[in-house]
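Down below is the structure, laid out as structure tokens.
Think of it as A, B and C in the order they're written, each chain with its own count starting at 1.
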Amino acid sequence: MKKLRRSMLFIPGSNAAMLSTAFVYRPDSIMFDLEDAVALREKDSARLLVFHTLQLTAYHGIETVVRINPLDTPYGLKDLEAAVRGGVEIVRLPKTDCAEDIHKLEREVDRIERECGREHGSTRLMAAIESASGVVNAVAIATASPRMDSIALAGFDYVVDMQTQRGDGTELFYARCAILHAARAAKIDAFDVVFSDVNDDEGFLKEANFAKRLGFNGKSLINPRQIELLHQAYAPTEQELRKAERIVNAAEEAERQGLGVVSLNGKMVDAPVVLNAQRILALAKPAFVQA
Amino acid sequence: MEIKKEAICGTLESNDLLVKVAPRNGLEVTISSEVMRQFGARIREVVEETLKQMGVSQGQFVIEDKGALDCAIRARVQAAVLRGCDSEELNWRGL
Amino acid sequence: MDEELDIETLDPRKDVRGAAEVKELLRASGLDAEADIQVFVVARNRRGIVACAGLAEDVVKCVTIAAEYRGSSLALRLMNEIHYLAMMRGQSHLFLYTKPGNATLFEGCGFHKLVEVLGHACLMENTPVGIRDYCDSLNAFRQPGQRIGCVVLNANPFTLGHLYLVRQALRQCDWLHVFVVSEDASAISYADRLDLVRAGLAGTERVTVHGGSRYLISKATFPSYFIKDACVVEACSTAIDLLIFRRYIAPALGITHRFIGSEPFCRLTRKYNEDMFEWLENASEEGQPVHVVEIPRFEVAGCPVSASEVRRLLARGDFVTMASLVPPTTLACLRAKYAFRTQPQADYCATEIIEVK
């Protein structure tokens, strides 16, 4: 059963208080940010904070992500060393424009895993797409490496590149679709943009629901308050739940009887439908899914 | 590692610490904390352990603790040492 | 609430509008924007500046936070920025004046109390071991004896009057510690003043000449001293300096007596001398009392010798008259290095404070 990844909480890597306590909010994953949230003069210190925080037992039960600085900055490679050696699960590469960006990253990750004795392949990669090039190259990026875990759309920089502004979502439509398709074709996950107005619950829910309907696995969050809202948005309705239970029960029954085909109400139920029902049940019971 | 210049690292905010380092003969660590009684000894332990791991045997360290966890103490002290040594070369094994 | 705030630095000399905003914010808290502040750290929200802290070299002053942000962590963020800014400017050792009621707030911001004048003012520094390290360094110069004296000179420049004061003091003590004010705010540079004191006292036994420090008559401990034409002298402007002397410096060297030259001219100097009796001799203050001994000024041709007179002679290039007022070493230095000054750069009335005029 796949892990739930509805909520990815952004934590500034320079904020010791938040690093110490973010796990209490129980998001599905936590992203320690060494890039935009960290001032230049703090980059060195934040890197070390994140390195040590990653090793806290409190974070061993939550999926961890580190957003490093781009590799062509003086910080990127050092951030990567800290992240991989610190035991992060996923490295998020900002401003991923093409497959070669992933290849470069992968080469360094290979080397660092070797040097520090970490299991080869254990560090996965998330590409953040923030430009028109990135969107256009989404498929190549999504399939650039066996380490690819997911793609995320980063709204702010993307709309600047597109010479427009954040609005009702029209400006993101193509990008969202392109990224989703690339992710699904490559059998990896896709994450939607940050909603930056922390006081606008209604606007947030609207966007979250839209992302869910499109098929995004989850969304990036900058405020812990948004976690609960998001989990609610992703929660199945009673009706959906009942139906899913029936399907899963039917599948289990068929397996018990050694039947090759699952049927419900006289109709055949395909494997993807069963999988989907299982996913819906999981969304309703996150407690059992978290490792 | 040798402390060559004065440096500062960290913040005064909750769960953090401010570390100031300066060159000095011999090693001196001075700690102020709102929870000195309960955690003063532990803070000192973590600081001294971190300095030892980095091979720092000289320098004046003044620490204003605001309730930081061990991991924050380690990180801020390490970063302060690197800033004071004017070095960005991290010996990852030493951490 | 903190989310909306930006912390920035502001140069009041370049950013006229920002300076005006800061002035208004300070005024609302009953504070004046002091002219010597070189940079402010300010917190801004969408509407404007809501908090500020000023830096004048190594002294933090004019700190205020708008009422709606008090009690939040804004003070911490503001003062944090002050620590970093100061470090970047090469001023890692900071002092801060505040009302005693605010001392606790600043203690949470990495400042530590040096002295407090009850009910009036409190001087703090940004390290728990500043004064301690200074006293440790002074300890090395302790001398045995029952009566250990101290004289603090600005020596702008060192005159026969200063020499007389030192010699008179030596007659009344076993050892004399001479400190030279290190604030570089006088016509003659600190380096030269110190050299001239050493040269003038060369060969004099039972004397140790010390360079000054931030803890003794500096812009940190005694800012009024350096304000030109300081006519209004606040109740505690001298107290902080004297209390530091009594509680820390005197014990470090075992000083039992402080010698001063009588002051016929300057009001501020006279007040400082009077205050010395109150703060150093008073038994009810914390710390061993230090006896204060006033010595009448040295006279040449019926006139008290005065460093300001020497500077006036310097301005006129009259080295002939000057020769009767200063030792040869001073004369030689002034001739060599200061002869072309038609006007002394800074001629504070207050710098005569402890000199024999």
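Throughout what follows, a residue touches a chain if its C-beta (ideal position, glycine included) is under 8 Å from a C-beta of that chain, and two chains touch if they have at least 3 such contacts.
These figures come from a predicted structure and were not determined experimentally.
Undergrad: Two chains share more C-beta contact pairs than any other pair here; which two are they?
TA: Looking at every pair of chains, the most contacts join A-B.
Undergrad: Find me the chain with the mean Cα position closest to the mean of all the protein Cα atoms on display.
TA: B
Undergrad: Taking each chain's centre as its mean C-alpha position, how far apart are chain B and chain C in Å?
TA: Distance between chain centres, rounded to whole Å: 32 Å.
Undergrad: Between chain A and chain B, what's the gap in Å when you average each chain's C-alpha atoms?
TA: Centre separation, chain A to chain B: 35 Å.
Undergrad: In whole angstrom, how far does the Cα centroid of chain A sit from the Cα centroid of chain C?
TA: A distance of 59 Å separates the two centres.
Undergrad: Could you list which residues of chain B touch at least two other chains?
TA: 11, 13-14
Undergrad: Taking each residue of chain C in turn, which ones touch at least two of the other chains?
TA: Answer for chain C, listing residues that touch two or more other chains: 84.
Undergrad: For chain C, which residues count as touching chain B in their complex?
TA: Checking each residue of chain C against chain B gives 73, 76-77, 79-80, 83-84, 87, 92, 108-110, 112, 127-129.
Undergrad: Per the contact definition, I'd like the list of chain A residues that touch chain B in the complex.
TA: 15-17, 19-21, 44-45, 48-49, 51-53, 55-56, 78, 81, 85, 116
Undergrad: Within the complex, which stretch of chain B touches chain C?
TA: By the definition above, chain B touches chain C via 6-8, 11-14, 18, 20, 22, 28, 30, 32, 34, 60, 62, 64, 66.
Undergrad: Considering only the defined contacts, which chain B positions touch chain A in the complex?
TA: The touching residues are 9-11, 13-17, 68-69, 71-72, 74-76, 78-79, 82-83, 88, 90, 92, 95.
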